[in-house]
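We call the chains A, B, C, D and E, going by the order they appear; numbering starts again at 1 in every chain.
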Amino acid sequence: MEERRIGVYVCNCGTNIAKMVDCEAVAREAEQLPGVVAARSYKYMCSNPGQEMIQQDIRDLKLDRVVVAACSPRMHELTFRGALQGAGLNPYFLEMANIREQCSWVHEDARAATSKAAALTRAAVKRVVFHEPLEKRYVDMCPATLVIGGGVAGITAALELAGADQPVYLVEREDHLGGNVARVDLTAPYLDSARDILAERIARVRENSNIRVLLESEVQQVTGFVGNFTATIRTGRDGEVATTEARIGSVIVCTGYQPFDAARVQSYGYGWFPNVVTSFDFERMLRSGRIVTDKGAPPRYVAIVHCIGSRSQEFHPYCSRVCCMTALKYAHEAKSALPEAYVYDLYIDMHAFGKGCEDFYRRSAEIKTIFLMYRKGSAPEIRQAGPKYDCEMLIRVNDQLSGEEVDIPADLVVLMVGMESREDAGKVARMVNISQDKDGWFIESHPKLDPVATTTDGVFIAGACQAPKDITDSVAQARAAAARILGKIARGRIEVDAVFAEVDEERCSGCRMCNELCPYVAIEYDETKKRSHVISALCKACGTCVASCPSGAIKARHFTDQQIFAQIEGVL
Amino acid sequence: MDFEPKIVGFLCNWCSYTGADLAGTSRIKYEPNVRVIRVMCSARVDPTFVLKAFEQGADGVLICGCHPGDCHYTEGNYKTMRRFPLLKRLLGDYGIEPERVRLEWVSASEGHRFAEIVNDMAAKIRAMGPCLARPALTEDPAQR
Amino acid sequence: MAERKLQVALYWGAACGGCDVAVLDTNEFILDVAAAADIRLWPIAVDGKYQDVEAMDDAELDVTLFNGAVRNSENEHVAKLLRRKSKIMVAFGTCAHLGGIPGLANQFSREEIMERAYLNNPSLEVGNRTLPQTQTDCAAGQLEIPRFYARVYRLADVVEVDYTVPGCPPHPSQVKAVLTAVVTGTLPPRGAVVGASERAVCDDCPRKKEEKRVARFYRPWQIIQDPERCLLEQGILCAGSVTRSGCGVRCPNSNMPCRGCYGPLPNVRDQGAKFISAVSSIVDSKDPEEIDRILAGVPDIMGYAYRFGLPGSLLQRSL
Amino acid sequence: MAILANPRLVGELEHYGAGDVVKCYHCGNCSAACPFSKEPFIFPRKSMRYLQMGLEDKLRGNLEPWLCYYCGECSEQCPREAEPGEVMMSMRRWLTAQYDFTGISKLFYKSWKAELSAIVAVALLTGLGFWWWGATHGDIRHYDGPQAFLASSFVHAFDWIMGGVLLALLLTNCARMWWFSMGRSRINVPLTEYVRRAWLLPVHFLTQKRYRECEKKRPWAVHLALMLSYVTMLVLIMFFLHAFQEGPEISWPHHSLGYLATIGLIGASVYALRGRIRRSETHYKHSHETDWIFLILLLYVAVTGIVQHALHRFGAGHAANILYLAHMMGVVPMLVLEVPFSKWAHLAYRPLAMYFSELQGAAILAREKSAAPAVRARAA
Amino acid sequence: MDAEARIGVYLCRRGTGIADAVDFHAVAEYVAKAHGVRLVRDLGFLPALDPAELAAEIAREGLDTVVIAGDSPGFFKPAFTRAMADAGGDPLRVRLASFREHAAGMRDATDRAKATLACAVLGVPYGLAALPDTTSVHPDTLIIGGGVAGIQAALEVAGADKKVYLVERTPTIGGHMAMFDKTFPTLDCAACILTPKMVAVGQHDKIELMTCAEVQEVTGTPGSYRVKILQRAKRVDADACVACHACMEVCPVSVPSEFDDGVTTRKAIFMAFPQAVPNAYVIDAEHCTYVQSDGQRCGACLKKCAKEAIHFEETDRVVEVEVGNIIIATGYDIFDARRIERYGYGTYPNVVTALEFERLTNASGPTGGAIVMKTKKHNRRTKQDEWVFAPDGPRPKSIAIIHCVGSRDANFNPYCSRVCCMYSLKFAHLVKEKLPDAQCYEYYIDMRAFGKGYEEFFERIKEEGVFVVRGRSAKVTGSEDSLVVRGEDILSDKLLEFPVDMVLLAVGLEPARGSEKLATLLRIPRDQDGWFSEADYNTDPTGTERGGIYVAGVCQGPKDIPDTVAQAAAVAARVLRSIVSGRGRDSRDSVSLPEIERRARERAGAST
C-alpha cells in the first residue's frame, strides 16, 4: 500500500469540545500516527475559515485523506465532505471522529475524555487509510407522487403538486376525502366552516386532471427507491377489488391521527354516562343542529374537559396541540346554539399559542365561558347528580385557581379527546420504510430543519401523522413536502448516495444466503451465472448482507470489513 | 492503577448513534469507557467484529440497534437479534463471560437509556476485571 | 535444473497421518514423484533422522510438505529446522493450515487435557497416576520427551509458510497439483493457497439452492433429506458456504454436510464467526424466544464453527 | 366537601358592575400589584375567582373587597382588561346588598329606576310632611323663633328618630356582616381579641390610613376630605343643629367647621363628578348608576344647604325656608336610603372590615404557623 | 340552481375591523335582488341569537337555506343550525359568507362582501369563483430576510436549480437563530444546525446573497415584479477579506454589538460573529470616524489591511432585478422591555431580556457561556460606570424568569408569542445545568408546551428542580445588586416575594421594524398586531392578497423553528409550483365582482 498523506483536524467547537478535551493534545497525539502529515486544532472547524484551512492543507500538503475530530458526523459530515470536494479531493476520503456529542458533552473527567477523544481520532486515522474514492450517481426522477391519506394535508399536497402539472395519486381509505376535518363543523379560531374549506379543495381536486383520486383504497406495497417507486394500490371492498400499479417518484404520507378512546379514562365514565360525549360526538351534534341530552332536552350546563388522554402519565405524555382551541370553539358554538346555557371549560394550561388564538381565548371568556383549571394528573371526576340538583351530572374538580374543590353542574360533558397515532401507522411505516417514535408518530428527518422529510429518501410525512397539528400547520407541512418533491422534479434527476453494497462476482459462490435478507429486495440472483448481485440504486447500505455473506464476497462501500477492523484497532 | 474497562460499541446510525448523540446534546453524563464505532445498521455487525474487538483487547462489546420494529432498514435489527444467541454461545465457549457482550435496543430518543447501559456495563465489567483474550494471544513464546 | 533432482521433505506434526495417506493416495503418481525428486525426510515412509536434516545446508531442501499442527516442542523444533533447510515451506493439510482437529483441544487447558488423558480416562488402569514428564531419569540416563504445549498452533504461528494446501486431508489431485507446480516451477505468488478454489463449496455443489429460511435445525440422521436440495435449506448445518472449495464437494455429494475442512474463504478472517453469522441470519423468526428455540437446535457451537480451525480463529483458544 | 358552583352569580354581579370579571385569566398580576395585598389576604384575584366560579358563600364572607381602596393600580396593569378594581367595587356593592336584610339595597343596585323612584318618593313625602308640619305649626316667613316654620326642636326630634332607625338598620347589617365573615367562618377569634383591637375601628374610620398606603395619594386625600366633611357635618347637625338654626349672626365656632365641611363636600363631590364625567382616573372609569345618584344627591344636599344658609344669614327667611324644604327633601332620602342601603353604608362596613380582617388575619397566620411549617419553608 | 330555493340571508356583525369597512346596507340591498332570496335581515350587533325565534322565522318564511353573512358569521352558525333543525329543515343548508376571510385589506370591501355573499347564496365555494387568473412567471425569486426562514426558502428554491436573490438588511444572514445557544426541546445547538445551512447559502451558485441591502421599490405585476434593491456600501471587499481581524484590532470605535444584543461591544469595522456569512468584515459608516469625517481622521484599518480589501470610496447603489415571486421572511424584533417600567429593565442591571441571556449562555457570547451577574466596570473612554457581563463575574444564586413580558397583555401585545414558554424552560434547564445550586423560578400564566416533545421537556425541567410558579409576577423591586420579585403563586395560594440575583424577562416577539414600510411597498395587508396577513388562516397560511408574494416564518405571526422551517418550505412549494408549471396566480383583487358572479352562476349551473 502506498503511503497515505493524512490531515487531522481537531475542532474546539468554541468551548463545547475544548472545555473537556485537550484538543491540542489530541492533535499532537494524532500527529504521531503513521501517515499523518498535519494535525491541527481550531476553534470552529465548520466555519468558513476552518474549512478553508483544510482545503488549504489539501492543496499545500497534498493531503489525500482527512480526519476531522469534531461533532457528530450526523451534523457536519456533509459539510466537510463538501470542503474536501471543494479542494478537489474525493469527499469520501473523509472520516470524522465524534468527540463532542459522544465525548466532551457526556464526560466529566477531562483526562479520560481526552484519552477517549484521542482513541476515537486514532481510529478515524486508521480507518481513513482504507477509504476508497466513491462517486455519487444519479437516477431518473419519476414526476408522479403517491399521496397516502386524503385528509386536509393529503389534499393540499396533491393540489400543490398537481398545480405544478405533476401527476398525483391520492389514495384514501374512506369513500370520501377530507379525513378528520370532514368530521368537523367549524374551525378555530376564526370559526370558518370546515365544510366550505373542504368543499372548495375537493372540487379543485376533482377538477384537476393531474390528480387521480382512489377512494376506498389502500396502498398495499411500495417497492423501489426514490424517484422510481412502484406502488400497488388496492381499491374496493370485499366484493370488487381492483389493483392499480402506479409508477411514482415520491411518496407523501398524510395518514393523520386517530382520536384517543375516551373510554380508557375511567373517571369520566364515557360509555357509561349517556351525556358524556367526545369532541367528535359533539361535532356531530353541532352539525345536526341537535345539541340535546339523552332525554332530548337542550342542556342547561355544558362542560368541556380538556386533555383527555393527553398530557398524562398514564396515556400520552404529549400535548395534542389542537384540543385547547377546539374546546374554546365548542364554548363559542355551545353559547351560540344554547344561549341560555352555562358553559364550563376545564383545562390544565390553555394552549392558545397560534395566530389569533389568544384573542379567541379572550373572546371565549367574554362570552362568559367559566374556566376551571385542574391539575395535570388529577382528572376531574364525573358522577350522576341526585334529584336535588337541576342537572344531570356533577363534575368534581379541584380548581387550581381558587384552590377549592368544587362540584360543577353539567348536563352534557364534552371530552376533548387527544390525538394518537393511528393503530395501523406501524404498517404504513414498514411499508414505506420510515420510523415511528415512542408514541407512534412518524419520525421526521430532523425536528428543526427537516420536519417533513424522513430517513427514507423520497418518502415524506405531512400533517398529524408526524405529531398533533392543526389545519394551518398541516397545510404548511403538506406544502413543504410538496416543495421537496417539486425541487427534485425540477432538477429531473436524483442523486443517489455513493454508499451501497456490492457483490464481488469473482468471489460469490451463489449460496443465496443473502437473497432473502435484503429488506429492499435489492439483491438479485442470476440463475444462469449462479451469482447474486446488488441493484445498487435500491440498496440502502444497511450492511446486513455484508455481515452474513459467508464468502465475504459482498462489500459495504465505506463500511468495509477492513475499514471497521482498522477502526476497532484504533479505538483500543 | 484502577482497572478501567475498554468497551467497543457498535451503534446503528439511525437510532442508537442518534440516541448516543442525544445523550450528548442533552448533556447526560456517562462513563468514558465506551468507544463507539458507527455502522449503518446493527445488522452490519458481523460476529467477526466482536471477536476482533476482543482480540484487540476489548473488555466488553456493546451492540446497539433500533428497537425491534423500529429499524430504519425495516428489519435489520431482527437479523442482529438472530445472530446474537449463537455469538453469545460461541463467546461462552471461548470462555468470555456473558456480561461482556451486550445487545441493546436504543432508540434515537433514548439518550438516557444509552447512558444507563454504558454506566451499567462499565460498572459490571470493572468489577469483573479485564478480559484475558488478548493477553492469551500475545503470550511469550517461551511460555508455550 | 533438470539434472538436479528435487529435494523434498514430508513431515507430520500433530496429525492423524491422513495427509500422508493422501500423498500415497496419489497412487502411481508417487512414482513420478520419486523419479523426479529425492525424498529426504518422510517419517511415515522413509527412514531418516533429524541429525540428517540438521546436517543439511540451509535451503538445501527445495520443498517441505508439513502436515499436522504444532502441539509440542518437537513439532515446533522440527518445523523451524525444516524451515531453515527448505526453500519452500508448505502447510499441508488443514492441521498445518488452521490447526485442524487437534486444534479443538484449544478449548481446554493443558492441565485439563493431561487430566483427561492420563488421570481421568475410563480406559486407564485404576489407580494409575502417571503423568508424562519432560525429563525422566532412568537406567539409560536422562530421557527427554517433547514438552506438551498449552495449546495448539498453526504451522504459520511458528514459522513462515510459503504456501498452503488446505484439506483434511487434501484431495490427492491437490497433492499432484502442488508437486507438479514445484517441479515445473509454476508456483503462484508466495502466500497463496494452492490447489483450492477461491469460491465456496456451494459453488461446486450441485444441490439446488432456493430460499434460505430455516425454522428448525436437524442433525443429518434426524431427517430423510432431499438429495437434490441445498442441505442448509433443509436445516442441516452445512458449512459449505463458509468453506473454500477444492475438495470436490465430497461430503455433500455423500449426503453429508460440509464440515469446513478447507477453511475460510480468502476474504473471511474468521470462519466460525462467519458460519454463525450466515446460519443464524436465515433463521425464520422475529420472536426472540422462537429464535432461541430454533438456534438451540445447533449443538456444540464451538465444534461446529471451528471443527478444523480453532487455532486459526481470531481468538485461537478458549480462555 | 366540595362546594357547588353557581354559574348564575356572575350574571347577578353584572348588575353591580362586575361584568368584566369574566375576562380574567388569572395571571395573578393584580394581586402582586396591589400594595394592600398581603398574607393572608391576597386580592383581588382570589375574590374574582370566587365570583367567576359562583362560590357565593365564600364571597359573602369575604372581607377583601373592603380592604381595597380602588387605587386602580390593578386595573391599569391588568393584561386582560378585567378591571379588578371595578370588580372589587362591585363586590362591595353586592356585599352591601347581602348585608342588608331588607332587600332594598339589592333592589336599588339592580334597578336605578327603583332607587330614583324611592328617592323621589321619600323626598316628596319629606317635603309634604315638613310642609304640613311647618304650615300648621309656624309661618313660612319666619326662620326661627316661636313662629318658625320648621323649628330646630322639631327637626332635631326628627333627626334623632331618623338617626335611631338608621342606626338600627346599620347595626343589623353590620351584625350580618359579622356573621357572614366572622361568625360563620371556622376561624375562631376569642372575644378578648375583639376588645383588644377595638381601637382599630375609630382609627380606620377617622384616618382612612390604609388608603394612604396606595401609591397615589390624591384619591386618599379627596376621600378623606369628603369623609371628614361628611362626618363633621353630621355631628354638627345631630348635636349643634340649634346653633345652625339660630342667627342670622354667625356662630363661628360651629359655622367655621360647617363651612369647611361644606367646602369639603362640594369640592370632593364636584371633583368626583367631574372625574367620572371625564373618566380621568382608573377608579372613575366605570360608574355604576348608584354612584351618580349618590354624588348628585350629595352635591345637591351640600349646595342647597349652603345656599339656604346664606339666604338665612342675609335675612331672606322666606326663601331660606323654601330652600330648607328642598334641602331636607335631599337630606332625608340621602340619609334613609343611601346610608343603610347604598354606597354610603361603606362608611360603617369598611372600618369594620379592617377591624375584622386584622382579627382574622392574625388568627389565620397563627394557625398556619403552627399547622404548616412546610408550606412556609417552601415559600421561603 | 334550485328554482324553488327559498333562501334567508342574515347579516350580522361581531364588531371586528372588517365590519366597519363594509356597507351592510348596500350589501343587504344587493343580495335581496339575488335569485331565491326570500328574506334579508340585518341583525346588527347582537351578542347572541335566540334559536327558537330563528326557528319560528325559518318556518314562517318557509326557508330551506340560510346564509349567514358578516365579519364572523361562524359564531352564529350553531344557532342557525339548531334553528334549522328545529324548524324541520336541513341543518346542512346553513351557509356562511365570511367577510373577514375574503375582504381583509381589499380595495373595495363592500364589493368583496357582495361577491362572498353571492357565492354563498349560490352554494359555490368562494375560493373557486374568485380564483385569480393565471399569469406567466419569471423564474427568479426574491427573498427578503436572511433568517432561518429565508435561508430555508432560499435553499429549497435554489435546490431546484432556480435563481434566488436573498436580501438581508444586516451584514450577515442567520437572523435571530444564529444568536441562540440551544434550541428547545432537544437542546441541540442552534449554530450547529444553522451554520451549515448558512454556509450552503453562501456557497450556492444559484443564490445571490445581498447583505446590507434593503428593498426600496417594487413595481410590476404578479409573476413579473421589478424590484429596486438598495445595496448599502460595505466598504470592504468580501471576496478579498480573509477575516483576519487585523482591521478590527486597530479600529478605535466601539459600539454595542447588535449580535450580542448589546451585552458586548464591536468595532466600527466588524463582523457580526465568527461564523457570519458572508465571512467578511463590513464598515458601519454611521460610527466610522473616517467616513464621518470625510476621510479627515482615522483610517487606521485602511493602513492595516494587508489584502487591501477596504474601499472607503464605495457608495450605496441601487440594484434592479426582475423576479416572478417574492418571499417575505423578515422575522421579528423583541418587545422592548423598557416599556413595562415595573420590571425595572434598564433600571436594574441584572434584569435582563431573553435575548441578552441567550447571548450570555452562548459559548460564543461575552462570558463563554458562563452565567454571571453584571458587574460594574469603569469605562475609561466614557468616564462612566458601566454594567457588563464579565467572565469572572459573580454567579447568580437565584434567577427568576418572568413569562409573557409584553405578550398576552392588552396593554402591550395581546397575542401569545408562542415561543417564550419553551425558551424560558430551556433557560431554566441551562441555569440548572450550569449552576446546579442556583434556584430558578419560572413565573408563568399558562405553560404552552404544545409541540413535539415539549410537554416532556416541561416535565423534565420540573424534575430538575426548577420552581414553576403559576402566576405572572407583577413587579421587580430592589437595588442595583439585590432584586425582589413579587408575584402570586396561584397554585399554592401564596404571595411570593423572592429575593433573586437576576431576573430574566421572557420578552415577546413583535413585527420587525420596517415591516409597515414593506407592507406599503408590496401593498399587502397586516393584521391588527402588525404581522403580515396570510391569505387564509386555514388553507393558505403562506400566501398573501397579492399574487406571487408570500410570507414565511415569524413575520406572519410568532412561530418556533420547526414551524418556521415548515412554512418556509411551504412557500418554496408555491414558488416552485409556479416556476415549474410556468403559471402563477394574479392578485386576489384582480377578479371583479361581476366576474365572480358570472363564474359562481356558471358553477352553480354546472353543479345542478
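Following the convention adopted for this analysis, contacts are C-beta pairs under 8 Å (C-beta built on N, C-alpha and C of every residue); 3 or more make two chains touch, one makes a residue touch a chain.
Here the structure is a predicted model, which means the values were calculated and not measured.
Asker: Strictly by the touch rule at the top, which chains does subunit C share as contacts with subunit E?
Answerer: Common contact partners of subunit C and subunit E, which must touch each of the two, are A, B.
Asker: When you check each chain against subunit A and subunit E, which touch both of them?
Answerer: In this structure, the chains that contact subunit E and also subunit A are B, D.
Asker: If you average the Cα atoms per chain, which one ends up farthest from subunit E?
Answerer: In terms of C-alpha centroids, the chain at the greatest distance from subunit E is C.
Asker: Among all other chains, pick the one whose mean CA position is farthest from the mean CA position of subunit D.
Answerer: Using the mean of the C-alpha atoms as each chain's centre, the farthest one from subunit D is C.
Asker: Tell me, please, which two chains come out on top when C-beta pairs in contact are counted per chain pair.
Answerer: A-E
Asker: Which one of the chains is closest to the middle, using the mean of its C-alpha atoms?
Answerer: A
Asker: Just curious, how far off is subunit C from subunit A if you go by their C-alpha centres, in Å?
Answerer: Subunit A and subunit C have C-alpha centres separated by 54 Å.
Asker: Based only on mean CA positions, could you tell me how far subunit B sits from subunit C in angstrom?
Answerer: Centre-to-centre distance between subunit B and subunit C: 33 Å.
Asker: Would you kindly tell me how far, in whole Å, the mean C-alpha position of subunit E lies from that of subunit B?
Answerer: 47
Asker: How far is the middle of subunit D from the middle of subunit E, if each middle is the mean of its Cα atoms, in Å?
Answerer: 51
Asker: Return the residues of subunit C touching two or more other chains; collapse runs of consecutive numbers into ranges.
Answerer: Residues 268-269, 274, 277, 281 of subunit C each touch two or more of the other chains.
Asker: Among the residues of subunit E, which are close enough to touch at least two other chains?
Answerer: 186, 188-189, 408, 470, 490, 493
Asker: Where does subunit D touch two or more other chains at once, residue-wise?
Answerer: Counting only residues that touch two or more other chains, subunit D contributes 25-26, 46, 80.
Asker: Between which chains is there touch?
Answerer: Those chain pairs which touch are A-B, A-C, A-D, A-E, B-C, B-E, D-E.
Asker: Touching subunit A in the complex: which residues of subunit D?
Answerer: Those residues of subunit D that touch subunit A are 2-5, 7-8, 10-11, 22-26, 46, 49-50, 52-55, 58, 80.
Asker: Quick check: in the complex, which residue numbers of subunit B touch subunit C?
Answerer: Subunit B reaches subunit C through residues 46-48, 50-52, 54-55, 68, 75, 78-79, 81-83, 85-87, 89-90, 93-96, 132-133, 136-137, 143-144.
Asker: Which residues of subunit B touch subunit A in the complex?
Answerer: Within the complex, subunit B contacts subunit A at residues 4, 6, 8, 13-15, 17-18, 20-21, 23-25, 27-32, 35-41, 43-49, 52-53, 56-58, 66, 69-76, 79, 83, 107-109, 115.
Asker: Spell out the part of subunit E that touches subunit A in their complex, as residue ranges.
Answerer: 47-51, 72-79, 81-86, 91-92, 94-96, 98, 100-101, 125-128, 148, 152, 156-157, 159-162, 183, 186, 188-189, 192-197, 199, 202-203, 242-243, 274-275, 277, 279, 363-364, 368-369, 408, 414-416, 418, 446-456, 459, 470, 490-491, 493, 527, 531, 534, 537-542, 556-558, 561-563, 565-574, 576-581
Asker: State the interface residues of subunit A toward subunit D in the complex, per the touch definition above.
Answerer: 301, 342, 344, 350, 361-362, 365-366, 368-373, 389, 394, 396, 399, 401-402, 404-409
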